[in-house]
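Paired with subunit B in one complex and with subunit C in the other, subunit A is shared by the two complexes that follow.
The block that comes next holds the complex of A and B.
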């Protein structure tokens, strides 16, 4: 049988199309733009057809069919929005709302709740159910996830995520019918490094992350496409920001990297990233103390110091800095004569997601170690050793300098600290330049397999903080070393023309899903 | 051409101030003995306003004095003047409540949308118009102050005419 190659004719809402055999009606309908409501169906999970929301009318079929599991047959004629289909769905919503508390005003899912949407759309504004609603209360399923049993519609997405993707079948539906609820078999809390995905898959507000509970309304958040900085996997995320804070990160679908999922570590890392005390103004040394200056003064001081020929340059960079920033620093160091730079990589235990083996919480807990390596920086466990006795120019780019030895950088002729927070060790710098976090600028990270992925600016930087590639390129222009870059895309274009691993890449090629650098293992999969 | 000055002869009777003064005094004496009060004696006498008058806000409270607000965030969302600040939080019973709830009455345009949108009928605009304060800061009403207001709630619909809803 060559079923997979066979194309079937199907008519959906009057539109004829050809789909491969085995396609479900729901998937085929999506191709013609017909939106079929669904709760239990999730593209990343199996479909048990328990919610009965995706019922459609098929000509010749005695009753409406569940489109999420029904494969298309040849010459099938499907109507997704006829009176019969609508009536069937309306009845399904009415049953789901029977015991649903309708506490939308205090429910965290309001605004992103599929039940709310369809109940409103189908006009279920009054109930015919006269019995008192069943009240079941709330419980925790993990230390961080709260379960509101009343709101649950028993779609079993969370159960199936734990079964099929996490391969850790801890969740079950307990009891039957309207008394059914989700819990672990023993009632104990469970822990799994990917557990918060069950909050994402929940179509209603039954499973809620404590980190986000009552924090913000869904419609208050600004969503920005970004990359998780938690490890070298580089999960595609969309950052939810409110009032210049990152409130949450949700996975953004990318079949090559993280599918629909991401780990709990990443989500927790990214919340409030960059909040708190920051370096907000450039500072230049005046005798014994660092004096705040404005940007032109800072650049004057820096270009003057560089003009005094401090000697060859060494650097300690952070593997959390973007490719653009690292490249700009490399250019600057080449002007002075580069002695190379080092970066350190904090590590942690690895965790994998068996149902989607491409996605792991990687050992390297930084997003851009590979990118730093490709730009010629050395990975090192003892980053301070090489810099300690250095007498020339010393640059520190976004490294926290935590654990730096006493008197770090005092030997250097010129010590420039570019970063976000002023560690005591950074106070001995000659010039301190405030830079931005990944969320406060656009840029790219290169993940563990060499896949280059873009992230967009979600927040404003504090005070006068600017991305280092912006200030760095202004400085290079003053030194007469190349043009000034005004956007991250321009820096990346220059980078791609200079570094062979990035050849042929630019921001348009990368798009929102990223692309593998040629010659890397990602190139084969990215195509 | 020279500018000419024209002198108009006025009749003495009409141009005399004496006559007008006496006329005025007569009116004054008339009102002394039989006063006609067309003006309102504010503040002793308050102005009667419509039950649908939209004045400064008031928060409804439970019997135990807690605000009825569940911090759902609909009023700051609907507010066209952006005058409501709300920070939700979780209390010891796991209930959602407003940790911070402030209305800037200077910014408010008194449209009454907040009252209309409130799902628990907590925030109301009120039948109230005496708002004078000694400082501008006092016009940012916090939750405590909103709960302490005593004026009647605004009727969104004409109470006489149920069809108006």
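The block that comes next holds the complex of A and C.
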């Protein structure tokens, strides 16, 4: 133990620093801002040192050393960018490019490819290899992942992900040398709930997700920090968006929640969330019909209806709604006299990532069940029962109303539907307000263990759709029931001052990695 | 042997592929004993992979997917890993070969001395392409890297027999020799 704490002196590119014994040169170099090119090394995997891309010059060493595995020694003097180091790396790249098709113009990885980056950086723009290139073609490895063998640089990151993290060692290198390629036991497709992570770890365009294949160029995507809504784990993700559509979700590193990984179900959920015809304008009942209105009219209608004292309020909410939206609804219900609200939770089988067991695709396939609970809403398997015969005010917040019984909400004095899709049951509402999805607003979700995590707005909502907390707080202001919130951060601040579990938290404290609410099991690990 | 073809190493166990039963029981009888002997020589099971594969190939003539699974079971490895290792070595046949498996060295030494022409001649004479088995089931021609006889290029190995100094013009005689 003492040994591990021992600090060693090292000089990297002229900068002196101290690092704990056991630190690799590559990791130490990162601390002084020197990013050493690497292919086989991935921070979430073991380092086999097979690519020779990370070679650096170490004074006194007879030849360049592989910095990804070479531990720092006391008083070591390292040069990451001398002629010798550059020459070694240039040779590595030249070998890798020997049979590489260089089909960057049609390669999904172009623009985010480490081979492109380092080939460019090492500056050898022409090959000296004149023989015809070996052509191997492509094949599927899972029902949705395509493997382009010619682009593969045999770094074995995918092999190690399946072996070390998924603990499902289905991928291996077949053959050797330039004829080597990645395959399964008999070439059959494999399936694993975390398979698409192999696409993320691939440093080149050899493994690509069909979902994204040929859809967009990496440099055309906007990236937004977000949270996966696929289950109560709350994986940190980065949404790649283009022309107001989510084209992919990639995991965003968070050592407390998902490390570098996320599950396949989550990726699909992100892309499909909010797909389909949307409610784009507010609507108010006019006799038998729902008529489109503008926001001032909608708010007029709503405050008038509330002024008529429709009776106590009940609600069915979605556990996919943000804490801010749920809190705003709770405030409004309190104005009317709250009769309680319920939410339902679709479930599915749990799947653990054995190499990082903190990450599980959780049974609860919604992102904010815990948040809804902390705000006083109740989980229920029969959400329609309590609302069905209710005679006062009935609010539905973002529940799809799928499976609602006939005549749902017709007994209510006032039935307000706030959501994104107009299912038949929502058509009997008196007032319909379009709201936004998690991708179209800023907000927070509280994951299964009480960790509160922020997501940022990635898309514009369609038409006149607005986050409910914005609509709701405008309404509260009209009713003389509190100040108007201009940002999600303000709503959260108000929430945190009212709900003890969130005490001391605000958007700044949460940052983009989230924090546990004091008293929750996540508190100790909050960062 | 005539025509300047010298059989260099004659294997103690001639392995004519067609004599092998691809479904022969593995690791039974004398092979069970040999397996145990092999295992006793290594500190852990994984280390015995190459000799065990070698033995399996001797019994069955080639390394079939079924053989891979059996070996994986016995050595407590994943089948994919066993396939990976077997595919690394050209000595392991991952496909059934013809009666005569003709391995031509195209390593640097032999290549410089005309191995390509020998390969071409063999393919022409047998009417096959690299790795394919001829229609009559007799010949399979493959390229291998260095048969460790670089002083006698081109090296050709037919089943377990080595031939030195093979030239393109020797091909015909060589094939006749086999029948």
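One rule holds in what follows: the second predicted complex is superposed on the first by the 523 of 527 C-alpha atoms of A that agree within 3 Å, B and C clash if a C-alpha of one lies under 4 Å from a C-alpha of the other, contacts with A are read in each partner's own complex, and residues count from 1 in each chain.
Please note the rule applied: contacts are C-beta pairs under 8 Å (C-beta built on N, C-alpha and C of every residue); 3 or more make two chains touch, one makes a residue touch a chain.
Just so we're clear, the structure is a prediction, and the values are computed from it rather than from any experiment.
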item	value
Fit or clash - subunit C, subunit B, common subunit A	fit
First (subunit B), second (subunit C), both or neither touched by A:223	neither
Partner chain in contact with A:400 - subunit B first, subunit C second, else both or neither	neither
Partner chain(s) touched by A:11 [first = subunit B, second = subunit C, both, neither]	neither
First, second, both or neither for A:138, with subunit B first and subunit C second	first
Contacts of A:106 with subunit B and subunit C, given as first, second, both or neither	first
Angular separation of subunit B and subunit C about subunit A, which is computed from CA centres of the superposed model and rounded to the nearest 10 °	90
Contacts of A:213 with subunit B and subunit C, given as first, second, both or neither	first
Partner chain(s) touched by A:169 [first = subunit B, second = subunit C, both, neither]	second
Nearest-approach distance, in Å, of subunit C Cα atoms to those of subunit B in the combined model	25
Overlap of subunit C and subunit B interfaces on subunit A (superposed complexes)	none
Sites on subunit C touched by subunit A in the complex	65, 68, 78-81, 83-84, 87-88
Subunit A to subunit B touching residues, read off their complex	104-106, 110, 138, 213-215, 217, 219-220
Residues of subunit A touching subunit C in the complex	169-176, 183-186
Residues of subunit B defined as touching subunit A within the complex	70-74, 77, 88-90, 94-96, 119-120
